[in-house]
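In what follows, structures are represented as structure tokens.
Below are two complexes that have chain A in common, paired first with chain B and then with chain C.
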Partner chain A sequence: MTPTAATRRAPAPAAGTAHRITATALRIAGVVARRALLLVVLLAVVFAAVELLPGDAADAASERGESAADLAARRHLLGLDRPLWERFADWMTALPAGDLGTSAQGQKVTDLLADPLPNTLVLAASAFVITVVSSLLLGCWAASKPGGRGDRIVSHLSTAAFAVPEFVVSVSLLLVLSLWTGWLPAATVTGGDGRPATWTMLIMPVLALAVPQTGWNTRVVRGALADQASAPHVEAAHLDGLPPHVVLLRHQLPGAVPAVATGLATSTGLLFGGAVVVETLFNYPGVGSVLAGAVAARDTPLIAGVVMSAGAVISAVLLAADLVRHATLGARA
Partner chain B sequence: MTAAPPAATYRPARGARRRTVTLVAVAALPPLLSLAGPLIAPHRLGTPVTSPFATPGDGAVLGGDLLGRDVLSRVLHGGTPLILGALLVATVTTAAATLTGSLAVLRPRVGRAVERAADVAILLPPLLGIMLIALAWPGGGRWAVIAAAVVLGTPYAVRVVAASAAPLATAGWVEAALGRGESTAYIALREILPNLRATVLTLFGLRFVEAVYVISMAGFLQIGPQPPASDWSLMVRENAPGVLLNPWAVIAPGLAIALLAVTVNLVTLSLAPDTTAKAVHRA
Partner chain C sequence: MGVTRRQLLRAGTGVSAAGLLAACGGGSDGSGATAGSGGADRPRTGGTLRVGALGHGSAITRDPHGTQANESDYLILALVFDTLTVPGAAKNTAPRLAASWESSQDLRTWTFRIAEGAVFHDGTPVTAEDVVWSLQRLRRTPSGAARLPGIQVGNISARDDGTVVVVSDYANADFPLMTRFSSFVLKKGTSDADIARAPGTGPFTLDWFRGGNARLVRNDRWYGPAVHLDAIEVTMFETPQAMANALLAGQIDLASNAGAVAARTARSRADVQVLRRPDDMAMPIVMRTAADSPFADRRVREAIRLVVDREAMVKQVLSGYGTVANDILGTGDPRYAKDIPQRGRDLVRARKLLRDAGFDLSRTYELVTTEDISGLAESATLFADQAREAGIKVEVVKQESGAFWDRTWKSGDFYTSYWGTNDSVVFFASKTMVSEAGQNEAAWHDTGFDAAYREVIGSDDPKRRAAALTALQRIEHDRSGYLLWGMADGIDLAASKVRNLPKLPGYGRVQLEGVWLR
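And then the complex of A and B:
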């Protein structure tokens, strides 16, 4: 235990406890409210953007030989003749009840996303876990001998890795692991329940997503550890004669947590974007194909549903990072 | 810890300049090679010279693609649009961010607006944004993707510049200029901007890499370049079904994209002063 950490965790006097709990609760509520507000703003922007697309869902769903009156009737049926803000307000008020609205084809958006969304979440979450573990391991290993050969190799490899688009990584994996060695299946076969038939089909898509993000986050971990290396309590721990790995894990790493959490949280959006591409390449049954179809069909509710789901997950991860920062830095944040 | 010998403090200065020149040359090599590519391509682009997915040999060094066109010639041609597009995106984004960022530290209201815009932009996965913008402009092709990359990339870039410029806003010479009654534009352009050279150069390099990423991902999803065009990411997509027959039709363009992005990224980050690299990274 370092002196700073000890004072920070010292029990508070009983009189101040209730007050402090209220203050903490208020601060957390503020953080949550801010994230929720940002999500609403994003949805409003997306709604408006889809509205600016030429043509609408009634055009996109029209068949050959329909008259203008038919089109107008469908437009009325889909509620497209109402003002934009009214549709947005309707959609937003239905949201808390778990209702994402009805797609332009007349199906419930929640039904359309029920199968693909969990698949994409499994894909992105597995890639996220691998990213967290491997970037922490690589970053700590590199920081254990600053300037050493390992450090330089990790630094160059991670810089190289995060520059490469996921589809290039995917194609290389496909060539090596599937076509040349035959270890893994090249395309995902979907089972009867709408999920990939075996878990081995997840390996390549997950790796393709995790490699670039690991590169990025390893750099963040390494940089944050380097910042901590010159902190007074870390130097004191070195002078106390503690073994280097203890100083690294117990004294340097805790201070690096806020920066690392922020870095990892920003990876979530990139994981989602990458997932769309990787799903296309591996024929994986996720939201990628739903999204491509929805954009082609100008299906506002469905696009908004996908953006909402992605935005909600990203917001949740960013919120977690906010809370980690608050927990480590306390009132100083 | 032992003190460094005094001689060592002088030598790196000259060595560093030579190192900089070498590294810049290394980074410029892949773009220059691919810009010169069309001049040395052995075959015509559109005409088949061999059978579909033919293996290397018979005048086609890297074999044939899905229509039997020469893979090598198409790879030599396919980099130009990607590189020019990425250069354009990097230039516009960096210029816009530098101007707005220098202003943002002088005008707190601009600064707050930028922060909020970046907070919202981070919730939209970049690829979703590209799809929306590219589809709002059908027939926009490459230009739609370039516009999307600029719009989505600028908030982050402004945040980076504003973060590096913040300490300068309270510097003595800026306060002196404020005291002289200089205009905001003068202070932003003449007092703050010249001190951001390192940040702006690093930002330009990283924005180029990011633009290569975004444009090639969009190309792979067939937003932007359309089939008869020769384009690296499009080649990966359209030749993927024949990867078993002629792997080079996929490996060569994939390798070209990777090589371009990796060299520029490595060189940019090893040239950047530590503090700048850190600032650009944390955004």
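And then the complex of A and C:
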């Protein structure tokens, strides 16, 4: 952080900009390299962990009545008779070409994830946007009158929302919005294009994911704003007689951004985790349900494929959050 | 949504009666294998049936000869492709692509005649060469030896354009039964790469398939009876709960194999039919009979069978959606021995048998179970409670599925198992009870049983075969390693407009070619 802060004070603007861009690029490259390395380690752990579970993909894909010789043939077909490190190396070397291997049932992993991954991204991204907007609105509203009635209500509601797990939210939504009132479709039915047949099928899954995360992030926003409230420049702004909402938006909020960005970045991981539960409950065709089935079937290439794609997305989001935090902190330095 | 809630409610008024009739299994309408049709109604042609079937995105397979872990995949394959034979009602094996079959005197050579007028969806006629190639392809898969037992690749051949000859390594009176499940016929030479778009011969052609979901349209050239539906849309559901919710909300017309919990939820809805397919799932308790097992003494096994309260099990574990069984597997077999007296609960006799056998009542016995299918773990828990009343201490151990199949199945002393094909006594005898059976779950070796079994599959005299089959069931009832307390119904939920739904257990649930919409 210090190098960029230093370049901001550089006297020659043109040279400074170029320098800054290079520094940022280097920084991004470094972060990307670190994250990629982390992902490789994670994938190695996945391969090893599946190996440690009892049973293997050949067992899971076999039918009752197969003899030991049949099972051995199946194991050979799936390459499970080769050492773990060799299978891992094979999978990793095919990865740069976009080849994620073959599932235990003989389908290409990229085919199995081609529709579910975008579907989950749409689900998680929609939930994320709703989380960002509503937590900022609620947090700012609560912070506008600290200790007021609005603040207390938001505080209680957000704690409650975060404390309720996704499946409770899902089941409640399902009962009220679908089975009792008939307003929304109860389950997701997928069309020939691999997407949910109607957009209304997204509403409940998105809400089920967004509600708990909004609860958490509202508390983060509110807390960060409270921290900023006692900062000298905010107190000065108040003493200057600026209207409270101006102080809140112009002086408190910018300072709260780093903490808020970190909170939201954490949410992306939780959104993916929650997607496993929510997708199952609403029959949403995403990677969460693929992952759950793959673990049960000890389908290592498929599990690795899901971990790899989800890991890449989460890494990208964390990187973005890093950059936001960096940029804002840099600006204040 | 194609049908509004109000339409469903209106249509629902006359339905519960039809649903009840279907549940009672009235098969007098001639269709035999299907239910849900009001006698006065004439089938109406047209419409799209929206079906929900269970499956996981991770387990999708498109290969008719692959392992179909997903019910949704199997449903789609079974409507697009034809097997040689299919499950039947009056006889458990009914014709499909094979119009007829006969065996040689020694019951080793089986000759199948291909149905007149059978053509692939692209118009080319089905030849014996296609059938031979398909059976050989099936035999070469890792599960080939289990699916076509006793058949070598080289012993499948074509006699002429319309006749296929299969020679078994041993006499097997029930071989045609083995072709019901996966003898799907493809065109000779279909490559693995083309398998997903390969033309079938079935009542429906594939319009599209994506991510486990599919749309099928009627094949007007099908050689079988008239198909009434224009199209079938299959939606894959990961859980029975989500599937039942979709049905209750009117998003699908049929929830295939939705289970007892869903049936309980739907029971109060007048606009939903709850269809029961009896003898769908067996959940026996397995007692290992080998010498080092606490259940080696047949008196102990008899006592355990006398301890269970079968009515209570059916009522509580299956929510009443099932029937009491008599420790003989294959309850749906038309030749099932109904005259063997039903075993009931008799704690006094059980205690005496245990005393006589010197069974150690101070020990706690572990009963291993899984949550693979709904009700299985509950059955173990309830049984443990009932055993306690007889002074036997049973502790239920729940294992994760992978661990169970890897470590307990076929080697544990005391565990729960489950079987989805229950319309053949011989099937179970050959798969799980005869001494050399590959899946002899209880490690049971009984010379009397083995002799009866060989008589059943090796005798060409129907009378002797029938007598041997009764003897076999009696021995199984008396001293096998199984406690079979009851049979779970297969349960489908359907909107009231759906008619002529499948009635048979197990894979009979995919027989949707006769369905029509009112």
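Throughout what follows, the second predicted complex is superposed on the first by the 303 of 333 C-alpha atoms of A that agree within 3 Å, B and C clash if a C-alpha of one lies under 4 Å from a C-alpha of the other, contacts with A are read in each partner's own complex, and residues count from 1 in each chain.
Keep this in mind: contacts are C-beta pairs under 8 Å (C-beta built on N, C-alpha and C of every residue); 3 or more make two chains touch, one makes a residue touch a chain.
Quantities reported herein were computed from a predicted structural model and do not represent experimental measurements.
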item: Which superposed partner A:M92 touches (first chain B, second chain C, both, neither); value: neither
item: Contacts of A:L179 with chain B and chain C, given as first, second, both or neither; value: both
item: Partner chain in contact with A:L242 - chain B first, chain C second, else both or neither; value: neither
item: A:Q105 touches, of chain B and chain C: first, second, both or neither?; value: second
item: Which superposed partner A:P285 touches (first chain B, second chain C, both, neither); value: second
item: Touched partner set for A:L39, first chain B, second chain C, both or neither; value: first
item: Overlap of chain C and chain B interfaces on chain A (superposed complexes); value: 53-54, 174, 179, 280-281, 291-292, 296
item: Chain A-facing residues of chain B, complex; value: 116, 119-120, 122-128, 131-133, 135-136, 138, 209, 212-213, 216-217, 220-221, 233, 236-237, 240, 243-244, 247, 250-251, 254, 257-258, 261-262, 264-266, 269, 278, 281-282
item: Complex contact set, residues of chain C against chain A; value: 1, 5, 50, 56-63, 66-67, 69, 142-147, 149, 207-208, 210-213, 215, 235-239, 241-243, 245-246, 248-249, 251-252, 400-403, 405-407, 431, 438-439
item: Interfacial residue positions of chain A with respect to chain B in the complex; value: 38-39, 41-42, 45-46, 49-50, 52-54, 156, 159-160, 162-168, 171-172, 174-175, 179, 219-220, 223, 227, 259, 262-263, 266, 269-270, 272-274, 276-277, 280-281, 291-292, 295-296, 303, 306-307, 310-311, 314-315, 318
item: Touching residues (chain side chain A, partner chain C) in the complex; value: 53-55, 59-67, 70-71, 73-74, 77, 103, 105-107, 112, 115-116, 174, 178-179, 182, 185-187, 189-194, 279-283, 285, 289-294, 296-299, 302
